[in-house]
Amino acid sequence: MSRPTEGKAYPFVHVRRIRWGESDPARIVYTARYLDFAMDAIEAFFNDRLGASFYEFNVDHGCGTPFVHVELDFRSPLTPRETLETEVRLARLGGSSLTFAVAGRAGERLCYEGKLVCAFVDTTDAKMKPIPVPPQFRTLLEPDAAFTAA
Amino acid sequence: MSRPTEGKAYPFVHVRRIRWGESDPARIVYTARYLDFAMDAIEAFFNDRLGASFYEFNVDHGCGTPFVHVELDFRSPLTPRETLETEVRLARLGGSSLTFAVAGRAGERLCYEGKLVCAFVDTTDAKMKPIPVPPQFRTLLEPDAAFTAA
Amino acid sequence: MSRPTEGKAYPFVHVRRIRWGESDPARIVYTARYLDFAMDAIEAFFNDRLGASFYEFNVDHGCGTPFVHVELDFRSPLTPRETLETEVRLARLGGSSLTFAVAGRAGERLCYEGKLVCAFVDTTDAKMKPIPVPPQFRTLLEPDAAFTAA
Amino acid sequence: MSRPTEGKAYPFVHVRRIRWGESDPARIVYTARYLDFAMDAIEAFFNDRLGASFYEFNVDHGCGTPFVHVELDFRSPLTPRETLETEVRLARLGGSSLTFAVAGRAGERLCYEGKLVCAFVDTTDAKMKPIPVPPQFRTLLEPDAAFTAA
């Protein structure tokens, strides 16, 4: 169950070209865009690992994953000359939360690192009550947790 | 009914400071941000004139106003040194659509102009069926239509 | 000179997954994001056809391509379940301007269409004086102009 | 020097209406937008306290303030029905860095908290060498540091 899933790469890596409009008059990527980059990489991780997007969770399954904490350290500036590769590791598969460790590189150069925590909630409940990670998703996430622990 | 409403200014003007992160490495506002500026100004117009936001229309009234057409002409670049004032005029109060004419200035200098068209639809209908402009909103919009025609 | 360049596909197509944060509480893509999609597709076209990004034009070549006009027609809503393919055609290769025709589809379904015009300017000049399309870029753009005309 | 400056309010508070396009299909503000909110509030703090924008620092003074660390805790969701007030406190006035503590509220309800750290650098130097906080800015920031310490 916790073995790597066939056809999946570990850790998950999300690749994107840096765009003109993501850069500011200092001619480097604007600070606030890094949280977009980290969230985009985690969204792509969900699509790849769970076969369902944030959208499908919410609209089809009545299950949300709001983020409760994010932190980012900026190591080296990025420009639109570069392609960013953000590595997404599942640092902790909790009872009702997930902790992600992300690291973004341009080639070998580390550009940013971060930690992001989301919680599973019942979106059909007005108070957004926390719920356990649904069992079918837990099974699909175990290989990533095992890879991180190894 | 079509006289200016007391306490309202005509035309409606939305004011915002230009921000660092809205500007690009050419050190002027990035092209795509102008549609955000125009949409923000129209959203503020809805709040002011109708006393209800896009959000309240959708979530509380089951009534949406998707945009079907936008066009923008860029007249002069903007930088974060400046404050943008976007004037919103109701160019046409149609049976089930609204046409807005916007003009954004920094001081006396015209920076951009645009035309944006939205349609009223029933959001409780899966096909987003067009509906007439609801009568209570039409009444509230007539002074702006009259001001433009004058 | 105007024959398709080997290894290039005509017309140019830019592919992207629709993201959660690009969608609004009506559960479809927010209006203002379409201009980002169109601009991203044109930026990717520049990278592919000219081998240089907006950033390299500006920072390395002192040559800018500010947009002077954009217009978009929204044909059918998009959601994060979908992948958007935006086709970029060079509708007109002018003396000092380029006119792009874009069309975005999710599968066979047309979602939006647009026309965007940019002008070449000398960014080392404070007044951003218009300049002819640089000859080396004109040569590289001719196959796209010929493809559109065919 | 460290007394509150006449005509300034302590702590600094930045007010903004939540917009439709900042909210996602879960009908609450999208996670990544909170870093935009915190950065916008700090940018407004710079304008108010130092009489110079990020843009003027960079373009006119050759002095940048890149952020090296950000962290955010999400306490309660926000919707476009609400107005967000973000309080900006100068938690530490270091030798060449500033640490900000931010707290965003909708009425009395705490929505998010955060800590953000920026460093002063010489932008005319290709390596972005750290520099001391320029003395004229230090003087202007001391009342905020004293207010936080009180």
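Annotations
We just call them A, B, C and D in the order they show up, numbering each chain from 1.
As a working rule, contacts are C-beta pairs under 8 Å (C-beta built on N, C-alpha and C of every residue); 3 or more make two chains touch, one makes a residue touch a chain.
Computed from a predicted structure; not experimentally measured.
Touching subunit B and subunit C at once are the following chains: A, D. Of all chains, the one whose mean C-alpha position sits at the greatest distance from that of subunit C is D. The rotation relating subunit A to subunit D, fitted on Cα atoms, amounts to 180°, rounded to the nearest 5.
A comparison of the C-D and A-C interfaces places the larger number of contacting C-beta pairs at A-C. If each chain is reduced to the centroid of its CA atoms, subunit A and subunit D end up 26 Å from each other. Separation between the centroids of subunit C and subunit D, computed from CA atoms only, is 35 Å. For the pair subunit A and subunit C, the distance between C-alpha centroids works out to 29 Å. Across the assembly, subunit D contributes 20-21, 23, 25, 27, 31-32, 36, 39, 55, 59, 80 as residues in contact with two or more other chains.
Of all residues in subunit D, only 17, 19-21, 23, 27, 36, 39-40, 43-44, 47, 53-56, 59, 79-81 touch subunit B in the complex they form. Contact residues of subunit A toward subunit D in the complex are 25-26, 28, 31-32, 34-36, 39, 55, 58-59, 64, 66-74, 77, 123, 128. Contact residues of subunit D toward subunit C in the complex are 20-21, 23-25, 27, 30-33, 80.
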